[in-house]
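Note that chain A is present in both complexes that follow, paired respectively with chain B and with chain C.
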Partner chain A sequence: MTKYDAIVVGAGHNGLANAAYLAKAGLKVVVLEKNPWIGGAAVSREIQDGWIYSNCSYVCSLLRPEIFRDLDLSRHGLQIVPYGGGVTCTSSGDILGNYTDHDVQRREFARHNARDGDAYHRYSTDVMRQCRFIRPLLLRTPPDPTSFRVRDIREMVYLSREFAKLGEQVIYDTIRFYTMSIADFLGEYFESDLVKAHLSGSGIIGTALGVYSPGTAYVLLHHYMGEVDGSSGAWGFARGGMGAVSKALASSFKSFGGEIRTDCDVDQLVVRGGKVRGVALANGDEVHADIVVSNLDPKRTFTKLVNEKDLDPAFVERARNFKIRGSSGKLNIALDGLPTFPALGPDNPLRFGDMHFIDSLERLERAYDDWKNGTWSKDPYLDLLIPSMTDPTMAPPGKHFMSVFVQYVPPKIHGRDWTDADRDAFRDTVVEQIARHSPDFKQLVRHIEVRTPRELENEVGLTEGNIFQGELTMDQLLFNRPFPGYAQYRGPVKGLYMCGSGTHPGGGVMAAPGANAAREILLDLRKPNTVPEGWTDD
Partner chain B sequence: MTDVQPANKRRDDKVVIIGAGHNGLVCAAYLARAGREVVVLEAAAQPGGAAVTREFAPGFRVSACAHLLYLLDAQVSRDLALESHGLKMARSNLRTVALAADGGHIVHAGGKVESGPVSPADRAALADYHARLQRFARVMGKQHNRRPPRIGGGDRSDLLGAALLGLDIRLLGRDDMREFLRIAGINVYDVLEETFESPLLKGTLALDAVLGTNLGPRSNNSVLTLLHRMSGTAGGDYGAVALPAGGMGTVTAALAAAAQKSGATLRCSSPVARITLEGDRVSGVQLESGETIAAGTVVSNADPARTLLQLLGARHLETGFAERVRHIRSRGTAAKLHLALDGLPEFTGLDGALLGERLVIAPDPVYVEHAFDHSKYGTASPEPVLEIVMPSVHDRSFSPQGKHVLSAIVQYAPHDAGAGADARRGEFLERILGVLGKYSPGLRRQIVATELLLPADIEREFRITGGHWHHGELALDRFLMLRPVPGAAQYAMPLDGLYLCGAGCHPGGGVMGSAGGNAARAVLAAGSTA
Partner chain C sequence: MKPEMNHKLHFRTAVYQTPFHPRTSALNVLNEWHRWKDYTTADAYFDETLEYAAIRNACAVFDLTPMTKHRITGPDALAFLNRLVTRDVAKIKPGRVGYCVWCDDNGQVIDDGTIFHLRPGDYRLCSQERQLDWLARSARGFDVSIVEDTHDVAALAFQGPTTCAVLKKMGLAGVEKLTPFGIGFFPFAGGELMVSRTGFTGDLGYELWIEPGRALALWDALFAAGADHGIRPMGTHALEVSRIEAGFVQAGVDFLPADAAVRIDRTRSPFELDLGRLVDFTKPVFTGRRALLEEQRRGSRYRLVKLDVEGNKLARSSYIYDRARNVVGTVTSAVWSPAAKTNIALASLKMPWGRPGDELWAEIYYQRELQWAKVMARCRVIEGAFFDPPRRRATPPADF
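Then we have the complex of A and B:
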């Protein structure tokens, strides 16, 4: 049997990015994937004949441009097409548009509230300043603040210096950004409840917190710090669906000599003499390597992949307490035509972007209350897109693909598992909300794929269906992600590494965790680094 | 930190202190001891602010707002010799009784379970949990008498302050430091779920974290408010609870006596209408009576919003600064219930000897969270949580012979003070009595008189914006150098001669006196360089 230098468990985008950088450094690497397809939660799947669903993640912005360039992903077929705008439709039939042009946006806010128009400039300046602060940190390994190693102290000094450079007021703003609720934060800029509701959606997507929960302002930042083609904060579609991201990463990996095995279910890590020796597959085979990198979430890695006897009980406890808390669901819909939205009119370009049907913070908060009480939101927050309007490869000619992200959806219903009846009722809740804003929507529906946390967990392997592989709250960010003392991608067993979104800097199809983990592995192997570092602003 | 020395050069510079709350009195005492001429102006007929004991029904007295002592600063106590001015505790280290409707109460104190249906695992976990929080609370406590450092724009002493804070955290040791950095910003619900099994135990511990805040157990920042509550030693050890003899009024009476003995003048029934200016510096205050008092320094014990937006006026402030003050969150959620009882009540299954302890109705953390949910939308909890104290059990001065007083903090109360407030008060009172009735079925029949103070009443009676007892939410974005607003956390306001000394400043509310002492030091530091 061949022995590899490294095994990556899970062919998600981070696993593939990690494998690509290891292979690029000359390592013999194999990626093992349990599903017949690769991509984890960044996939394009033909669930309905002729339609391609991005059936988990559905838009792209956070993918690190340094990785995109470095792994030459455009040569490997990845094309990101930005979509302009977005819109919030209110129950009274009014709309609030999202425009890429700063002045158009300012006027749109001013249309709803004159002072909010003025505040928009201040708001966007402040948010962009925070994005510029955080972006260089994404491709850096977090320091351990309790360590006295030269490397950690140097990184702490670097961070403190970058922080100090911001100047007094901006430092205070930064602290507030990381600690406030999105509702309070927006309240410091805006008056109109609609404007606040419109902007606050980014503060709750993927997280089990409400708009009034302190900590959600950061989640907004997490959704703003990306870019498409150098346009900060912009979002785009991967042409051909999100699977194109994984495909390009896989292709890049293979170009460095890497090997991917699908239908290859890893059962357990093999540990001998306190060191990783490889993995045992579900079919009984073993694959050997002294390095195993887990792309699975931390909870799954340490409660399923690794045998408990190989771990310190305190560590297992930590893994159990890692906050995952699935909170999102999704509907993927094949449509026989383009539904109309009367509030927008037939030719409004805002339809090309994301659509929301919300008009107050209170409605959003009540949606969260439902989740807390153990059920899906009866009046959920939707992030609805029709990618096929921008990318015709997603559906047959004249037909369309609609992606509807739903917040909040709990991993269990009142403590018990989801049933098919629950799933249908959940689907109807969402369909009804859309139908209230689009009278012809229901007639156009040909097929609906419903994704509750149950499906996300069973199929993709995300525990509780959390899209970020773990909550993005302060206790699980930077040097606390996934656990204090283990934020540098190394597991508790020699030779075991983590590279999923459960590690710094978190989820959102960034590929940064995978790249950062590769840098640490190469450092341990004393190999030259192949991973880009920091932020190269061009 | 050493006592304040009389080292200033502007001895002639008179100081007016607005409000004779505990912090105003502490500030007055320190300044007077340093040789400054100090006048304290109090709107009410007696000093004390929200730390007062007053009659609410003929013969029945109660601590009208705060009713337990956790945080009174040891240094302040010592410096001002409060014991010699009559402060003493009726009881220290009060036990907490987590009431269960079925009578299966848990009695605990200082991390030890004394009785109740608690598993051995939970008992051990509580001891660890309490000890660890105490270690964290001690770090917080060390900051009380320090001026919060300015970050990024300060001088050497600010750098030193920041370094000291870092050092205190570092000295916790690796495991504790990691845990501190992990939990300081999150919510108590998650921490409790990680640690304990018993819903009743979790419920009562959750209540400790949210009392007096506009937070639920699942709101981040609730660990911070818990640590804040535990960061003093007035009740015995860190986190312990005490009941002053004679109620909270004794604390402020001792402070008033100390201030007056040092030479400060105290004028009650003298509400301040506005702070007067001469050019761009403070020139004194004008009373509602029209009288003006000239002073080069004005220190306000009123909350920041009231001081800066009402007494001073936003037009005298830089727009951005006024805007920040406007955004201080001070929506109070705690109501105060006072019951005059014609005898000692009985709680199902509770030994009468425990009636003098701190009784808590918070049967599980989800119950507490549900109670909070309503507050988010401005309505009252259908099933509120309560912290109950019966001071008359320890101290006969509260009620006539054979009769008793029940004092309870009730959350979450409706906060709208507009029309229909009386109807809302009546409705909320019914709900509270309904909840109490489940634990003490005979209580209602023993009631002789009732007083329920909603946050709006607290706002009116104690002149606290929003009736929030911290003078503004205590949260990570309003903490240390961000309290009350970023850039003005060092007690001096951006207007010459004006200072804040109340709970709205670092380190926050809870009858500590630290803010008053820190403000006095800031005034003296400015005086000595003027």
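Then we have the complex of A and C:
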């Protein structure tokens, strides 16, 4: 039987990015994927004839441009098409549009609150400061602050210097920013509840926290720190759906001689003598390598992939306590025509952007209350897009694909498992909210794929359906991600590594965790590094 | 020439509107225009990044009317053109288009353009600069008629992966059979619409040519057919990005037209613009032949190269250095390529620099919040276009 240099478990985008960098360094790498398709949560599937769904993740901004360029993903078929702006439709039939044109945007905010129109300028300057601080950290391995190794000390010095450069006032702001709620943060800039409601959406997406919960300001930054072709904070569609990201990464990986096996369910890590020896498959076969990289989330990795008896009890406890709470769901909808949204009118460019229907912070907090009460939000926050308006490959001409991200959706209903009846009722809740703003929407619906945390966990393998592979809160960020002492992509068993979004710098289809993990593996193997450095803005 | 342009009061309208203006002005919500020869033309309509995205993702429409056009006919039309340009025009069969350059007696490029062999012996020459003077001087002794008909032909560039699907939907039967550089004629609104599979974007695309009276009908039919295929108008900014990605040179930007050079050492030969493939020495006579043969023997002075510049700072107008930090050339065009996801540049380098594998550095100055900074960025010489999708050549083209 062939022995590999490395096995990557899970063909998510990070697993593929990791594998590509290892293969680029000359390693013999195999990626094992349980599903018949690759991509994990960055996947496009044709479930309805003629329609391509971005089944899970649906827009792209955080994918590191350095990796995009370095792995030649463009030549491997990846194209990101920006979409412009976003809008919140109010219950009274008005809108708040976040237009891409600066002056149009200012006028639109000023229409609702004269001061807020100008305050947006101060707000975006402050958020940009935070983006500039965090961006260089994305393609760096977090230092271990308790270690006295030269490398960690050097990295701590770097971090401290960058921090000091911010200046006294911004340091205070930064510390507050990382621990604040999004509602409090926005309250320091804006008066209009509608403006605050619109902007706060980015603070709760994928997170089991409410707009008044501390820590949600950072989640907003996580959604702002990306770019499309240098346009900071912009989002776009991967042409052909998010599966195009995984497809291009897979193609790049294969161009370096890599091998991908689908329908290949890994049962357990094989550990002998305290060292990784390979993996055992569900069908009883074994695949051998001295390095195994897990693309699974940390909880799944250390409670399912690794036999708990191979781990220290305290470590197992940490893995079990890892905060990975499901909070969102998704509807993928095939439409027989383009639904109208009367509040927007026929020629508003924001029809191409993201649409939302919650117009106050209170409604957002109530939506979170439902989650705490063990049920999906009865008045949910939607992030709705119609990618087929921009991307001609998603649906037949004149037909459309609508992607509806839904917040909040709990992993269990009142402590019990989801039933099909729950799923249908959840679907109806979402459909009704859309229909309130689009009278012809319902009659255009041809097919709906409903994804609750149950489907996300069973199909993609995300524990509890958490889209970030673990909450993005301070206790689980930077050198705390996934656990203190294990933030440098190495597991507690020799030869075991982690490369999923559960590691630094987290989820959002960045491919950075996969690339960073590859750098650490190559360092351990004393191989030349193949992972690019981050670009600077200055 | 339009009648009002011939009137002595033409000065009252320094800049004219193209026949598409009623539509382009309605769509130009940014109200951003610049002057292109006699006409006003859109820089951008609504968002230049989204307009660019339409070229690479769906389809985009560009008003091409101001481009200089000439009709060349008469018994010696072919002989004249073959004398004028460096490539063999006899190989451009009726119904075909050929890209070409023409030179002065010293083998220095005056302009580049396209020759459309419309019907046997009937040619259209499109150029970047005005050429009537040079064409007339070159035509001495030939029985040929040269008419500048820029204002008598309205034209649209229609570029992007869904263009063929849209033209089919418009009812242009058989348009999918056009191969790159092919020309087709289609009945349209009681007249004739000419479609050529040409463009300045390096992507699948067409150019549509019609008499000005039917221009608005063409625009409306195109946008109606394109509604479900992502049709957008695009301005010059978006086109410029795709032009550089395709690696196309532009007169006045990447080279100085030889007849406009005050300093005679500022000109370039076809070889020096990486257009040697357009020079056909098997032709016994063409303007500049002797000088170009001499250049072949003696060696060229410059080389135009495509550069992949490390990092993400644009190398606009940068000096290019060799490893010993000697200046070996300058960048003529530079842009961040959204399609190739690389930082790209066209540069004119002194020979012998610019061979694949040469160590080259761009000196890049850039500004951040009013403060200038400098970086030296490593450059890699690229062969072929920066972005060259297979759909550009596929016949019949796919629907997207």
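The criterion applied here is as follows: the second predicted complex is superposed on the first by the 535 of 538 C-alpha atoms of A that agree within 3 Å, B and C clash if a C-alpha of one lies under 4 Å from a C-alpha of the other, contacts with A are read in each partner's own complex, and residues count from 1 in each chain.
Note that in this section contacts are C-beta pairs under 8 Å (C-beta built on N, C-alpha and C of every residue); 3 or more make two chains touch, one makes a residue touch a chain.
If you're wondering where the values come from, they're calculated on a predicted model, not measured in any experiment.
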{"item": "Contacts of A:Asp229 with chain B and chain C, given as first, second, both or neither", "value": "second"}
{"item": "Partner chain in contact with A:Pro397 - chain B first, chain C second, else both or neither", "value": "second"}
{"item": "First, second, both or neither for A:Ile171, with chain B first and chain C second", "value": "first"}
{"item": "Which of chain B and chain C A:Ser377 touches, first, second, both or neither", "value": "neither"}
{"item": "Contacts of A:Asn321 with chain B and chain C, given as first, second, both or neither", "value": "first"}
{"item": "Chain B versus chain C as contact partner of A:Ser294, first or second or both or neither", "value": "neither"}
{"item": "Touching partner for A:Ser192 - first (chain B), second (chain C), both, neither", "value": "neither"}
{"item": "Residues of chain A contacting chain B in one complex and chain C in the other", "value": "none"}
{"item": "Footprint of chain C on chain A - complex, ascending", "value": "65, 68-69, 73-75, 79-84, 100-101, 228-231, 236, 239, 349, 389-393, 397-398, 535, 537-538"}
{"item": "Contacting residues of chain A [partner chain B, same complex]", "value": "145-146, 163-164, 166-173, 175-176, 178-180, 184, 187-188, 209, 212-215, 321, 323, 362, 365, 369, 372, 473-475, 479-480, 484-485"}
{"item": "Contact set on chain C toward chain A in their complex", "value": "30, 46-47, 49-50, 53, 56-58, 161-162, 165, 169, 228-230, 311-312, 336, 338-342, 368, 373, 387, 399-400"}
{"item": "In the complex with chain A, residue positions of chain B that touch it", "value": "150-154, 170, 174, 177-179, 181-183, 185-186, 190, 194, 218-221, 323-324, 327, 329, 369, 373, 376-377, 475-477, 481-482, 486-487"}
